[in-house]
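Structure, as structure tokens:
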Amino acid sequence: MVSPIYILILSLAAGFLLSIIDRGGRKISLAVFYGVLAFNTALIIDWTYRFVFLHAPTLVINTAGFSAPVSINLELGMIQAFVLVFTNLTGLLAAVFLFRKFMESKVSSLILYLLLVMSVNGLVMTRDLFNMFVFLEILSISTYALTTITRTKTSLSAGFKYMMAGSVASIFFLMGVVFVYHFTGNLNLDFIHADQFAGTGLVALFMLTMAVFIELKPFPANGWALDVYQSVDSGIVSVIAVINSAAIGFVFYRLIPLMPQSFLTVFGAAGVITFFFSNMMGLKQKNAKRLLGYSSIGHMGLLMASIVFTIGAPSTVRYLIIGGFFVNHLVAKAGLFWLSGIVRQENIRGWAVLKNNRLLLVLFGVFIFALSGFPPFAGFWAKWEFVKVLIESRMFFVLGAVLTGSLFELIFLFRWLTITVKEDETQLEKITTPDSGSVFATSVFALLATVVAAGVMKYFYNFGWVQTLPAAAALIVYLLDFLPSKLKGFVSLGAVAAYGYYIYPLLESNLQLFFGVIFIVGSAINIISTLNRKNQNRGFYGFLLMMIFSFGNLLIASTYLEFFLSWEFMTISSFLLILRGQKAQRASLLYMIFSTAGAYLLMTGFSFAPALTSTSALMLSIEFVKLPLISVIVLAIGFMIKAGSVGVHIWLPEAHAEAEADVSSFISAILLKAGVLGLLMVAISCIAHAPSFPVFYWIGWIGVITALVGAFMASFQEDAKRLLAYSSMSQVGYVVAALAMITHLGWVSALYLAFNHMMFKSALFIAIAGVYYRTHTRKMYEMGGLISRMPWSYMTVLISIIAVSGVPPLSGFGAKWLIYTAFITKGWYLQAGVLFFASAVSFLYLYRLIHAIFLGQLKSEHQEIKEAPAWFIIPQYIFLAGIMVLSMFPNLMIRPLNSIAMHYFNSSISIEGLTVVSDLGYWNGNFVMHITMAIFAVPFVVLLLLRGKTQRVKQFNIVYAAERPESPETTHVAYNMYAHYRKALGGWASPRIENFWNGVAEWSHTLGDFFRRVYTGNGQTYILHIIMYIVAIYVVMGVK
Amino acid sequence: MNRKHIDEIEKQMKLANEGLPEEERKFFADVIPTRVDPFNKYWEQFLNWARSRSLWMLAFGTGCGATELRPLMTSRFDMARFGIFPRPTPRQASVFVVGGYASIKTIKRIIRSYEQMQGPKYVIALGSCTINGGMYYDSYNTINRLDYYIPVDVYIAGCMPRPEALIAGFNRLKEKIVAGECEGMNEYTDKFDWFKKNQKEIIKDWNMPDYNW
Amino acid sequence: MIKYLAVIVSVVGLGMIFLPIVTGFHEAEQLSPLAAQYVEGSINDLETQNVVTSVIVTYRGLDTLGEVTVLFLATVGVGLLLKGTQEDRLLMPFSELLETTSSVLVAMIMVLGIYIFSHGHLTPGGGFQGGVVIASGFLLLLLASSGTKINHLVLNLVESVSGAAYVGIGAAGLVLAVGFLSPEILPLGDFGRLLSAGAIPVIYSLIGLKVGSELTSILVTMGGE
Amino acid sequence: MISISMLSLILGIALLITGIFAMLTRKNLIRIVIGFSIADTGTHIIIVSLGYLRGRTAPIIDRAVNAADAVQKVVDPIPSALVLTAIVIGLAVTAVMLSFVVEMYRKNRSLSIDDYQELKW
Amino acid sequence: MSIWTKVLYAVVSVSVATVYGLTLGGIVRKLYARVHGRFGPPVWQPFLDIIQTYSRRVAVSHGNMFFLGPVLRLAGGLGTYLFIPVIFGSALFSNFSMAGDLLLVMYFVFFGQLGMALGAGQGGHPYSPLGIARGLAQMSAFEVPFSLAVIAVAIQYNSLNITSIVAAQQGGFMHWTLFTNPLAVIAAMISILGMNMHAPFSIVMAPQEIPIGPPIEMNGSFLSILQTNRGLFAAAKLVLFMNLFFGGATNIIEMIVKTFFIYMFSVFVGAAYPRFRPEQSFRFFLKWPAFIGVLSIIYITYLGGAS
């Protein structure tokens, strides 16, 4: 048990002596240097261990043999130890990162670095204000000097700006300290109390706190910091962004008890404003390090806001929030800055070079996900709890700003990530072999992020292994990625089966079972189509399993958090799957943005929801929860984003189209159903506790309009997958509308259609995947006549489109029949009319799909094309078999759905033998099927008998106005097939919603660009900002 | 028979389609048309009766004689009362009215349209030009006798024949059909090589299959 | 123009912040309890005449250590920034009179400096003041004689060793006495004597050496070699 | 009545503001550093003025001050101690700043702060 | 009643309907001719045409789907007809209406159209998809007023069961939907113009633009099956309209009279108007007829209707 004061002693002694030691050779001095850093870290880790696991009491160290306030004392408690562990670790690893630099540069840099780390330790531990000032100055001066470790014009001028700002702040700090002494007669924090600052005393406190706050880089008084982030060496910047910020942030945290409420509110607000604006300004930024600078500043703002606004929260929650944000920022930011040092590319587009190095790419991804607050990383939990606290204390503006700011941040971070993964890197210089120290440091931090995440999940929330299964699965498959794809595919299939076997007994109700079938069985069949993949196919199965398991976890989640966790896992994994598509940069980014916006809404909605009393699955217990109106609205919108409802559907066509061919079927057939599931849950809670505003009436309208808009848009697509995507949107629109009725028949029909949609859309997407696999094009007009080459795929598409369109005798008609009956029974007549229209329009795109691809003229280059591989055909025909069975015996599905809905409502249909009878009409699917077969047979036989001598001819044997066709391309009608319809619809066919969102994007970028013009680059202007900021805050706080 | 023989026979049974470039042959059927015999007598008589009362005309104005076809549709002459209707596509038509002189450019289209009609099919040749070249008898660019190229059932002389003559011609055709004398379709297949030889002699740019199915 | 206006507004605003302090200022009648404690303690516990010295070296010894570190960092930082990028400069030879006088003066300045820091616990002055005086002597040398070469190794050695010794004495306090930087590792002696106040004069002397060498080294670096 | 300490307090504040004004308006880098130095000096004067007690002497127990009633005779020793530290720190900062200026001048041959704004937005 | 009896009845019913439908076609030709001042073909001309096309000795097929297209088309017509109870209270003409209600009939209409579209599509002729594109688009447009009218009827009689809709209209012509809910009937009668594809909505066949559009490659027996269907399908549509809006029929004479007049309505409109351009046609249905359909629902729901 070594006193932590030895950190100071050893560092100082080493610092003083290093220049002498260095005369004996750099190796020795480096050994001493790293030895001391390692010793510090080890010491602090030891202490942390004592505090956390042995519950050691807080340690107070007096100096000079006197106790405070006479002498300066140091304090090391759990919180200090927590901060110091991370700062020292960062210090050590940053030093490892800088190894090569330290090897080459003068010994001065070693000394400066060592004393910098020492000063942070002193700053965190000391309880004396003036001593803080001294350590702050040590920190500042060593940082100033270290900024010049790489001496460029920019780093010098940035360093000078930094010094100007820092010196002004330190003048204020000094004034504050002295005046505090003047008013309280004390310099030790333990002996200063908030009530000593009455009247003019507040000015003293203001100066003190303001100086610290300025060092935390509030918007707009932070231009200097950005310049430093941009120009200074990555290793040093990581120290500035992480260690300095952490230490100063901790000082601020220490000063909180002294501050009156007016101070706190203003500082908190300033923090939120900083977070919001810096992220907004980051939108336009192309320079990677400056971008990280914006993000860092934003995170410090968020940290301040979380420190201030969680004061009323229970302490464990408070520590989770602050600690979560702190660790998240620290780990991710340091890691990203280090990566920037390894990559050595200024423009974010240049980061595409990371593709050549798999490990670095994975690290990059981990940091980006961590920084954006995705599970399992600490930021996720912090954000979740923070939102809860904000809502409990009814700080809605703060909530709005935090969530919007986070979204902005997410946009630029994921733009960066997607560009990195998708941009063409061949033009760029390759990464010169990064030195192992840098990579090691960065990897350790990624690992650290994961360990912290695991720690939080284990010790704070006490999750079971199932909740972590999605992430674990991704990790395990990543480790097994060297295996061939097929093997991994079969293993995945087995894993899904095992998972299904595991959760089957956990699915207590039929409703869960129903979605379980869609999610697990549907996925399992879909996996077959992925078995066609060749080579190693890195990453794919990990993400796939992650997604499937998180689907399943949605069903058995028993708390809001578990549900939301699985939801976010689902988002991550589906995003990564979409990102694998060849040109999926924009698509995956859009998907991420909308999903996250939806997730934020869900987070808000769940936070508004009352606590759960039951421990059964959320899907069941939600029935007894009375959701407040705001919660219902927000949750509904959040889920509707996932279900691709109109207005927020922008992501949907892009994601479907650009994802890899066999991934699209998962997205359409299964992922969209997760949105449906969520909406259903909200609806369930609204049965008994109807909200005061007819939310679901309007959701119903949104649903039908989605159905119509989707159908229209699908008709005007040239890209087969986009067409199917819009079709999915349209079909899910039906489901949403039917759900929104909240009647027995409505739900039966919604679930019936959802199930059918899963089958026929899977089949369609896989069929198109097979076609794409052979033709390498998604443009329908580039295909044609494939019926002769790919008859099996054609058959799938044929049966599926008959099912989609709702033409009897196939099962799609059942859905249509149920839905219209339900609508008319409910009294939603106009909605039913719109749905009729949508369903008529659906013939347009369905015919276009089958005609343009399979009928018409076969192209020359496709003359010798083969049928799709068996791996594609098998799942198609499994789904087709399902469709045919359900068509023949629709009651197989309707009966269980009836019983599911009967749990919530009185039954409105009766089943007499094979006939389903509603209040309005009846339908005997089995009989219809028989009659259809009979009436098909009659003309068929007639034609066979009377056809005469029938000659099978080829594609150009057509009557072509007594001429002959020139080429298949000019003869095949497929391009812009519904031009007349578009013309008839006029402005209604224009993509207004897309234009709206484009406008929103453009405006936020323009605004961000406008605001960032405050950073003129002139050091004096920055000082002016600081002074004006101080004055402004002074006025706002109303200090007298 | 060895494999080589079979191949050779199969090759002979296919159209050579030598006028087409190699890469285009796959777009066209290369089956040789064969003779299709009538049904047994009474049934065929019944059908011929119906056929004669439902003459679907290919409305393809091949020459200037087509001018006189138009009045036939009007209220004054009203061909519909004879069961004659224009059809917009050769696939569905049974009567081909060749409207006068046929230039070499047109005869190519005439042949193609004729071959695309489904049998039994009939041809009415209109005007002197189709019989002996008429006023264009010495033109370098017109044919003189249509039945060198496709089988003709009824010629209507005149330059040009009036609609009344056309009606008379159609009536003559009806009689021939009822009598079972209109087997131009089988004549064409029977004398396929002869017809093709004649056709190819005058059509130099033969860029279509040997039989337009 | 707008910028000037903004500057004036912000400066006036700054004045406004200080205004309540000025208007509400009233001189204290009594020492604050803490200050009184220091005065008493300095006399009774530390046997130190100069209360400020006892505050600096003992009570707030950590501050002083930090202060020394700051100065050290400045030296190192200036060294990092300026060394190795020297450019050649033409220096005119100085007059002999100047050189001779200055060399005589330097010796006297040095003695004065040493006196000041070694009597820091008794009379006004101390390590910092003494160190600055010593450095001023070197400054004189640098300015007044063209051929002055100051041995870097020696400077460095003095700087490092005195610093390390300071830390070492502090740490010794942790082991031998009651706490870090406690002066009681040495006998406190009698009030008012040179060898009194425990380790305070030792520490102050080390500080004097260190400050002197550090400032000299800054001067050397900035002034060119 | 305006006491000496109050006067020096006002002087200190005036210096502080003057120094900051200089930092805000002067274009020359060295003048900016001088501005900082002035402001820093202002803070030192403020510190000292806060420690002053009317009619008392320096906190050194010698012939002028009796050890027994030293508490009644001496001014506050703490600001004196603080100001010493502050001065040294100010000096250090000034030194580093000046060396930055030297290095910047060497690199770009310009002392105007307007020539150092290539980093922006 | 055994299933075989039903089948037998269905055969009779279908035959009657086909003959009736074809005769109507002949009558229309005659009527057009008379409007033009011509003598016109005999009324039985459609039968002659069918025999003629069936008797072609040679046919050309473009593939299996081409082959199945007409079959599916006729199956669609048969199905549509067979799911409608033709004559109220008649076992002979009740067909297979126990299999499903009005929605089944409405959707079975699409069966044939889809089949035909697929068959024509495989023909490879560019005019076929052009015609189909027009047809589908026009169908989506006229479905709007029609479906609104059907919804209005369903609200009015609180049923989608055709038999009970007809039953509710019995007891005098004032009980017909025509008089109890005239707005719905107006909307539906406008949409039947589109359904029958007479001018001004004859954009699908449009012989002068896209020579008869979808069936351009159909020949011989394929064509004759389509012609058969034309008769049957016309009858089916008329019977459906009669049942929904004109009180249905209790005997075959009533049926013939009513359907004849319904048909004549579209024939006269067709004889009097030139053809729309496609986009004009779509826009037409989406404007006033749709609005009238909405009005009919409002009328029935909020104003209580006439019943």
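For reference, chains read A, B, C, D and E in written order, and residue numbers begin at 1 within each chain.
Simple rule for what comes next: contacts are C-beta pairs under 8 Å (C-beta built on N, C-alpha and C of every residue); 3 or more make two chains touch, one makes a residue touch a chain.
All of these numbers come straight from a predicted model, not from anything done at the bench.
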Report summary line: subunit B and subunit C share contacts with A
Requested in this report: Average the C-alpha coordinates of each chain, average all protein C-alpha coordinates together, and give the chain whose average is closest to the overall one.
Outcome: A
Query - Chain pair with the higher count of C-beta pairs in contact (A-B, B-E) - result: B-E
Report task. Look at all chain centres (mean of CA atoms) and spot the one farthest from the centre of subunit B. Result -> C
**Report entry** Centre distance in Å when subunit B and subunit D are each reduced to the mean of their C-alpha atoms
**Finding:** 114
Query raised in the report: In whole angstrom, what separates the CA-based centres of subunit A and subunit C?
Result: 55
Report task. With chain centres taken as the means of their Cα atoms, state the distance from subunit C to subunit E in Å. Result -> 106
Requested in this report: Quick one: report the Å distance separating subunit A from subunit D, using the average Cα coordinate of each chain.
Outcome: 51
Report task. Would you mind listing the residues of subunit A that make contact with two or more other chains? Result -> 130, 134, 137, 141, 144-145, 148, 179, 181, 187, 948-949, 951-953, 955-957, 959, 1024, 1027
Requested in this report: Two or more other chains in contact with one residue: find those residues in subunit B.
Outcome: 36, 89, 91, 213
**Report entry** Per-residue multi-chain contacts in subunit C, two or more chains
**Finding:** 7, 10-11, 14, 18, 21, 32, 34-35, 38, 60, 63, 66-67, 70, 73-74, 77, 81
**Report entry** In contact (per the touch rule at the top): chain pairs
**Finding:** A-B, A-C, A-D, A-E, B-E, C-D
Query - Complex contacts: residues of subunit E adjacent to subunit B - result: 29, 33, 36-42, 45, 48-49, 51-53, 55-60, 207, 211-212, 216-220, 223
Query raised in the report: Which part of subunit B faces subunit A closely enough to touch in the complex?
Result: 23-24, 26-29, 31, 36, 60, 89-91, 109-110, 112-113, 116, 207-208, 212-213
Query - subunit E residues within the subunit A interface of the complex - result: 54, 56-63, 65, 67-68, 70-72, 74-75, 78-79, 82-83, 96, 98-104, 107-108, 110-111, 113-114, 117-118, 121-126, 128-130, 132-134, 136-137, 139-141, 143-144, 147-148, 151-152, 154-155, 158-161, 216-217, 220-222, 224-225, 277-283, 286, 293-294, 297, 301
Report summary line: Listed in rising order, the residues of subunit C that touch subunit A in the complex are 3, 6-7, 9-11, 13-14, 16-18, 20-21, 24, 32-35, 37-38, 41, 58-63, 65-67, 69-70, 72-74, 76-77, 79-81, 83-84, 153, 156-157, 159-161, 163-164, 167-168, 170-171, 173-174, 177-184
Requested in this report: Write out the stretch or stretches of subunit A touching subunit E in their complex.
Outcome: 785, 787-788, 798, 802, 805-808, 813, 816-817, 820-821, 824, 827, 829-830, 832-833, 836-837, 840-841, 843-844, 847-848, 850-851, 855-857, 915, 919-924, 927-928, 931-932, 935-936, 938-940, 942-943, 946-953, 955-960, 971-974, 977-978, 980-981, 983-985
